[in-house]
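Next up, some structures in structure tokens.
The same subunit A turns up in both complexes below, where it pairs with subunit B and then with subunit C.
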Partner chain A sequence: MREKYMEIMHDYPFPEYLKKSIADELERIQADEETARKVIERCHEAYLRNLVEPGEAAGIVAAQSIGEPGTQMTMRTFHYAGVAEINVTLGLPRLIEILDVRKNPSTPMMTIKLLPEYAKDREKAREIANRLEATYITDIAEIVTDLRYMRVIVRPDEKALERKSLDREKLKKKIEKSLKIEVEEQNGEFVIQIEEPSYKKLMDTFDRLRRLVVSGIKEIRRVIIRREGDEYVLYTEGSNFKRVMKEKGVDFTRTVTNNIYEIYEVLGIEAARNAVINEAISTLEEQGLEVDRRHIMLVADVMTADGELKQIGRHGIAGEKQSILARAAFEMTVNNLLDAAVKGEFDRLNGITENIIVGQPIKLGTGDVELRVKLFTGGDK
Partner chain B sequence: MKIKLQDHILVPKHEVLSEEEAKELLEALGVSREDLPKIKADDPIAKEIGAKKGDIVRIIRDDEFTGKNVAYRLVV
Partner chain C sequence: MKKVFPFEYTRFEKARIIGARALQIAMGAPVLIETNSKNPLDIAKDEFERGVIPITVRRRRDAFVWLQRHDLF
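Here is the complex of A and B:
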């Protein structure tokens, strides 16, 4: 029967998902062909009634539909987003972050899915987590400065080394390579001799040693393993999409970060558009606010229309408007007018804002159409 | 293992239109090339499908709520 329903709807201009839900409903009530035709005809009427009319101010409706729920958002909410112990910025600050396209969001976070052979096994998931998590030398060894002989001593902790699947040889090489200093091994300890007797140099070496990442990815500060359904998923504090996606065992296709700019750089403009939509929707939903997807899609479309991810606001969409008056109406009125005057700019009054300012009819709704009257000139009749 | 960026769940399907298809599309929409949204020539996906400046890229978005819909971008 479903094919029959679909066939009837074939010539109707419904979007794909609407056809599907109508067919579902018809199937549920076991409609025969005649009823189906009637139902679909009624749906068509309702569909046409609900379409956005030409000239409708879709942008303003979107702005209001996001803005009003925005007023109900809590100002500062730090929240544990379902995942144990990972702190994620939510609520209004997060929404602002998304629309401003911050290059460094305040709480970057990744959701890493694993390839099938790793996802089922907790041990293997643990192994990947160890590979990703930034390990500092202080996590696996004790660092001591020896003022008398002007040297730094590193005492590795065997147990910690094993836990992070490292060995002394690797550790030694790593220190030598990144500090470019000779390391001597003396009964289980690494001794770094400072050449000239300078206290400053000793402390510098000590500091650099403390900040040295022995294994893992510097940005990934913490990894948490969680079981979701029948697979293990890694959640990380900190994000480095480019490096994580190349890591062995990571299912790159399903791994995401909440840093939208990173997605834009690695996966391009269309992925960034999707990321903006997903992040904005989930931020709003988390606060219990329901905003229609299409309003957010419009915002995302505007942000990505020029092929690069642009923020809404002074340094993006609003700041690049061609009309001087529209820019001045948004922010920094005097600066904008002054700069425009210095450059000798010209406002052609094509847009909405500038025409409201000067008090002319605007090209929206009924203002966008022109009326012509056909005069009756047919004689006596 | 070579990573194919297009396999990622966030990336919809991109394809380059042929010259005839592009012409047909612009006629059907009644717009000029420059009126379309843009995609940069150095966009990772544009590079992957080998789109050149001036090409039109068809993007088939498969949204779980709004279903399949098609968008176009001009490579700049």
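Here is the complex of A and C:
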């Protein structure tokens, strides 16, 4: 029956998601073909009534519709609801972060879904979590500096090693590779001899050892395993989308990060657009504010229309406007006018802002209508 | 697939047409309908309802066109 509904709707100009939800509803009420046609026709009428009219200041409406609830947002960050102890920037700071397209958001976070064979088993999920989480030497061993013989001693903790499923051999290789120094093993301890007797060199080596990531992904600072429905899901503090996606056992089709720029780099502009929309919506929703999705979609479209993620602001949308006056009206008036004068730029007065500045009617709403003489007036339009 | 939407004046076009017509009437243009009203705006509205105003709009496209994704590329 569903195919039948879809077939009827084929020539209607609905977006895909609308078609789907109409079909769902028709299926629920078990409508026959005649009723379906009627319902769809009525939906079409309602749809036409709700379209934005040409000339409408859609951008202004979107700005106001996001701006007003925005004034009610609280300036606070707190623990993410539900997930144990992961701090997430929320509220206004987060919204600003999204619209500014920060390359490094203050609290990057990933939600990692696992492939079916790993998702059901807590042990296997734990294993993946171990592979992802950054492990520093200090987590699995004790580092001691020996000033007398100018050397650094690493004392691995067997239990910690086992917990992270590592062994001495791996640890030794890792240290050798990163320091490019031969490591001697003396009764269970690794001894790193500093060649020249220099205190600075010793401390350098010590610091580098401390910062050395033995296993896992450097950016992933912490992994939390949570059971969701019938599967285990990993939540991480820190994000490295590319490397996590490559990891075995990770279902990369359902894995997301809240770092939009990373999504843009890895998955491309369409994914980035969706990420902007979803992040903005969830930030607003979390604060109990309801903003229509389409307002945010407009913002996301403007940000991504050129194929690259551009921020709203001086270094993005507003700064790249072609009109001098529009740029000057936004920020840094004098600088913009001066630079434009030096370059001998030309303003064609095509936009809204420019025309308001020079005092002309704007191409918006009533101002965008071109009147013509109608020669035949037989009545009834 | 392109679906042509029914032609209908938008509220901006309607306002603009009535406004222009009201101005003509206010400046002494002959009224095209029978009316007792003395208010040019009311007369213009009435004329618009009856479809006798000799003014229309030029659209840059004849009708709204719903563009599918592949039309854009």
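The rule is simple: the second predicted complex is superposed on the first by the 323 of 381 C-alpha atoms of A that agree within 3 Å, B and C clash if a C-alpha of one lies under 4 Å from a C-alpha of the other, contacts with A are read in each partner's own complex, and residues count from 1 in each chain.
What we mean here is this: a residue touches a chain if its C-beta (ideal position, glycine included) is under 8 Å from a C-beta of that chain, and two chains touch if they have at least 3 such contacts.
Since the structure is predicted, the reported quantities are computational estimates derived from the model, not experimental observations.
Once chain A of one complex is fitted onto chain A of the other, the partner contacts of A:Ala271 are limited to subunit B, with no touch recorded for subunit C. In the superposition on chain A, A:Tyr12 makes contact with subunit C only, while subunit B stays out of contact range. Contacts of A:Glu285 after superposition: neither subunit B nor subunit C is touched.
In the superposed model, A:Glu41 lies in contact with neither subunit B nor subunit C. Of the two partner chains, subunit C is the only one that A:Gly365 touches; subunit B does not reach it. Once the two complexes are laid over each other on the shared chain, residue contacts for A:Leu375 go to subunit C alone; subunit B is not touched. Contact comparison for subunit A: of subunit B and subunit C, B touches the greater number of residues.
In the superposed model, A:Arg294 lies in contact with subunit B only, and not with subunit C. The touching residues of subunit A, counted against subunit C in their complex, run 11-13, 48, 51, 53-56, 365-366, 368-375, 377, 379-381.
Contact residues of subunit A toward subunit B in the complex are 15-18, 20, 245-246, 252-254, 256, 263, 265-271, 274-275, 278, 293-294, 297, 301, 304-308. Partner subunit A is touched in their complex by these residues of subunit B: 3, 5, 7-12, 14, 37-40, 43-46, 59, 61, 63, 65-69, 73, 76.
Residues 1, 3, 5-6, 10-13, 15-17, 19-20, 32, 50-58, 64, 66 of subunit C are the ones touching subunit A in the complex.
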